[in-house]
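Two complexes, one shared chain (subunit A), two partners (subunit B, subunit C).
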Partner chain A sequence: MRTIAAAAIAVLGLAVLPIAAPWLQFVLTLAIAKGFAALGVAVLLRAGLISIGHAMFFAASAYSVAFLARVGIHDLGLLLILSVLAGGIVGAVVGSFLVRYRAIFFAMLNLAVSMVCYALCAKLYGLTGGTDGMPVPVPTVFGVELAEPAFKSVLFYLSLALMVLVGLSIQRYLNSPLGHALSAVHTNEIRLEYLGIPVWAILLIAYVISAALAGLGGAIAGFAIGRVVPDFAFWTASGHLVLIAVLGGIGGVPGAFIGALFLELLHSAAVTVTDSWNLIVGMTLIIVIMFMPQGIYGLFTRKEASSL
Partner chain B sequence: MLNAIIPLLLDSLASAALIFFAAVGMTLVFSVLRVLNVAHGSLYSIGGYVAASICLFIASRQLSPYLSFAALLFSAVFVAAIFGPLIERGLVRWTYGKSEAVQILITFGLFLVLEDLQRLIFGVQSFYEDTPMRLLGTTSIGGVVYLNYQIFLIGMAVLVVVGLRLLINHTRLGRLITAVVTDREMAQSIGIDTNRIFILAFSLGVFLAALGGALATPTSGIAPGLGADTMVLAFAVAAIGGLGQIEGAAVASLIVGLARVLAIYLAPSLDAVAPYAAMLVVLLIRPYGLFGSVTARRI
Partner chain C sequence: MTRPILEARNLHVAFNGIKAADGVSIAIQDGEFLAIIGPNGSGKTTLLNICTGYIRPGSGSVLLDGQDITRLSPRAIARRGVARAFQIPQLFSAQRVIDNMMLALAATDGLWNAIRPLETAKRCDEAKALLELVGLADDSNRISSTLPEGHRKLLDIAVALALKPRLLLLDEPTSGVSALERFLLMEALMSALRQRRIAALFVEHDMDVVARYATRVLVWNAGNIMAEGRPDEVFSNAQVLQRVVGVA
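And now, the complex of A and B:
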């Protein structure tokens, strides 16, 4: 009960914040977008699998929004659904190869595939506009054409609503037998196989879900920024997603969003002082893993939260 | 026909040599410490930056240009002596015995830190210092001009393979390393100072990476982002050869070097993709790499 109350207050707080400080709206939209992607990384982390390449699904969906807008689809809902689907499909294709691997191989192969994606996005100038990227026009919402500021507000509240809805569904998923199987894979994979549970299928489902989550984040980020660039898929972006997941804590769904909000707010504060953002990210990552492996979320929960 | 093939072969061998330096260090560190150092690529680029800085210093003081060869070697030793013990004692040793997830994340954090530090210290412009390459000049065979420096690179790589084999099979240190690789606990219980072996092996890995970076600077220059590319490429090579296999890394770098050069000649926009395509094909057929052995899974 207390958890529900705390979550409700937090979401309400987020909803009112941009009214008090309008500049925060963009930062918060982006934070929620990255929260979705980090949640995807966190789902895989539960199975002990690190993906240092999830930015490729983030970019895949963002690029599909831009491509779909180019061929004449302009409805926000339709664009979101189709692009998340695209992210999921890319995830299914990549995942069907990668879930055979564990630990180092899984991490590095994800990284390798994402670097290929980045190289392709940056080099296929005719198709993706190279490093200039592609514009994401302001879409219509249920047939209504909106001015840009109004659309950005709609986008923010939509992301907030999605955060609650998707968050609850992922929580259901993680608490289902399918979700619990993930930590069982982490603890002892062979035991699962002896019980007749197909580890391959469990991980592939988790991989597709996590790719779709990263895709949802990417689509929202594309709308919020108004442009997609190859940097969406760059390995530093993947690194930030991993950091967000670890920083927030993988013990529960709120962790990813707490981590994302914390990091985005820190980022907007830090850019005024220094441009060595990766330095801060790297040091925080090391410190968090060494001294608080359960993340920020782990500080608030009494029960044994999953740690790395 | 031959005139077309020999330059292509030389290019791939030279490019393979450079990848090999980075990959063999990574694979060596992995086999002894059982930690994959994600920051390995950064040490390669740091080696390059240090070498370029020293070479530029030599040029600005108008010292003998032949000193730049010494500078290449010195910078690798310098980087290894500073960063090897520092990283192993300060960071990596805390991850021994922890899950691979933790090891990857810690070294990845270090990688982010090192990449930004290089940007702060050396700036974002690319360095280009080709004194050693110009000194060696070119050879012309049958009307085709070859860079002697490329042959020098290939020679260095062969030297490193032979040297490492001799070190591991025929010296006391090599036998100690083999003992630690084979059975860490047993080695410890018969009195081998594993901590010392870890520091030495890690520093040797750093030395090889930095040497690769230093040797690469005269041919391709050095720019931000090199560390990331090298790291992934080195991993691709190490994985193809089988993690922990020195000769495997040598064969794998030949494959990757050839794949890359063929891609540059045939489909230039795909040159970045070729090494990974090679890696995916090999790992799909042999998940533990060409020379890797299947390890029993823990129950």
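And now, the complex of A and C:
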């Protein structure tokens, strides 16, 4: 009950923040977008699998939005659904052979495939616009054409609503037999096999879900920025998602969003202080890893556990 | 005679030239409690590994209800009703005892549901009943890695039982279990097996346990069956007493 109340207050706080400081709206939208992608990474981390390539799904959906807009689809809802579907399909194709691998091989193969994806985005100039990227026009919302500032507000509140809805759905999935089987992959694959549970299927489902989540983040980021570029798929972007997931903590769904919000706000604050903002972000990460092994979200869960 | 539930025919397996099974054939009937005894390293666990698809024999075949399962995976064999408890317990060590049980129950009654929680009232009751059976009711909320070795062993057996198997393969079920708890466990286990009409094949080093609970005993030595029969017959065999029981 206390957790629900805290989450409701946090979401309400996020909802009113852009009213007080309008410049925060873009930062928060981007943070939520990255939070979705980091949640995708965190889902796989449950099975002990680190993906250093999830930015490829982020980019796949973002580019899908741009391509779909180019062919004349302009409805926000339809664009979101189709682009997330595209991310999921790419995830199913890539995942069907990557889920056979574990540990460093899984991480490196994800990285390799994502870099192929990056290279394709950067080199297929005629199709993707190369390093210039592709524009993402302002879509219609239920057939209504909005001015850009109004659309950005709609996008922010839609992202916030999706964060709650998708977050609850993922929490439900993680509590289901499938979610528990996913965590069990990390501890004992042999026992899972002897229970008659197909480990590859459990991992493939998780992989597709995680790709779709990254895709949702990519689509939102595409709308928020108004342009998609190959850097969306670059390996540093994938590393950034892992960083967010670890920073926020993988103990629960909110961790990914907490990590993303923390990092984006820290970044926004740090760049106003120094050009060496990476130094501040890096040091913060070291502190979190050393003193908060469960991530920032771990602080809240520990507090709750000790108060019981 | 009825068709055996599990049959191994003319199995040959060798590791680095050492024969673990050298033309061995065994069969286990429905409702039977077949014990396999023999010195360490004689190939008893290898037989369980072959029967559950973990390793494949050099030659020979394994039949379940007359169907060849030699080339099937452990997963496929488990889904055909063969469960296994291990010599070294195979648990989901980061999860609670009851979650281990409920995941095993879900494997047979609704793994693919991504919406309903793992913990349902029905599953929880079933899990608790099985934990009660093996004497772990008080440990249900503990993380399984924190259990003492004997209790981990019991949980491993309970997880195998949760699959509602027709045949249970147990690798040294009483090893690591205290002498006081050993017969309590076996009584509970045998009663559960009888109630649920589960046949069992168990590898065991405790001759008292074998004498008391096995309906038939196979004596395994250097990849061959040295003797076979009712416990009283086998334990009156001078060769068995000298070469196996003495060192078991």
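By our rule, the second predicted complex is superposed on the first by the 282 of 308 C-alpha atoms of A that agree within 3 Å, B and C clash if a C-alpha of one lies under 4 Å from a C-alpha of the other, contacts with A are read in each partner's own complex, and residues count from 1 in each chain.
The rule is short, and it goes like this: a residue touches a chain if its C-beta (ideal position, glycine included) is under 8 Å from a C-beta of that chain, and two chains touch if they have at least 3 such contacts.
Not measured: the values here are computed from a predicted model.
J.: With both complexes overlaid on chain A, does A:13 touch subunit B (first), subunit C (second), both or neither?
T.: neither
J.: Counting only touches as set out at the top, which of subunit B and subunit C does A:191 meet: first, second, both, neither?
T.: Touch status of A:191: both partners.
J.: Counting only touches as set out at the top, which of subunit B and subunit C does A:183 meet: first, second, both, neither?
T.: second
J.: If we overlay the two complexes on their shared chain A, which of subunit B and subunit C does A:172 touch? Say first, second, both or neither.
T.: In the superposition, A:172 touches subunit C alone.
J.: Quick check on the superposed pair: does A:143 touch subunit B, subunit C, both, or neither? Answer first, second, both or neither.
T.: Neither partner.
J.: After superposition on the shared chain, which partner residues are touched by A:290: those of subunit B (first), subunit C (second), both, or neither?
T.: first
J.: Which partner, subunit B or subunit C, touches the larger number of subunit A residues?
T.: B
J.: Indicate the residue numbers of subunit A shared between its subunit B interface and its subunit C interface, in ascending order.
T.: The answer is residues 188, 190-191 of subunit A.
J.: Per the contact definition, I'd like the list of subunit C residues that touch subunit A in the complex.
T.: So the residues of subunit C touching subunit A come out as 52, 73-76, 78-79, 83-84, 90-95, 99, 102-104, 106-108, 110-119, 159-160, 163.
J.: Any idea which subunit B residues touch subunit A in the complex?
T.: It comes out as residues 36, 91, 94, 99-102, 104-106, 108-117, 119-120, 228-229, 232, 235-236, 239, 243, 269, 272-273, 276, 279-280, 283-284, 287, 297-299.
J.: Residue numbers of subunit A touching subunit B in their complex, please.
T.: 45, 48-50, 52, 97, 100-101, 103-105, 107-109, 111-113, 115-116, 119-120, 123-124, 188-191, 235-236, 239, 242-243, 246, 276-279, 281-286, 289-290, 293, 308
J.: Name, in rising order, each residue of subunit A that touches subunit C in their complex.
T.: 172-173, 175-181, 183-184, 186-188, 190-191, 193-198, 205
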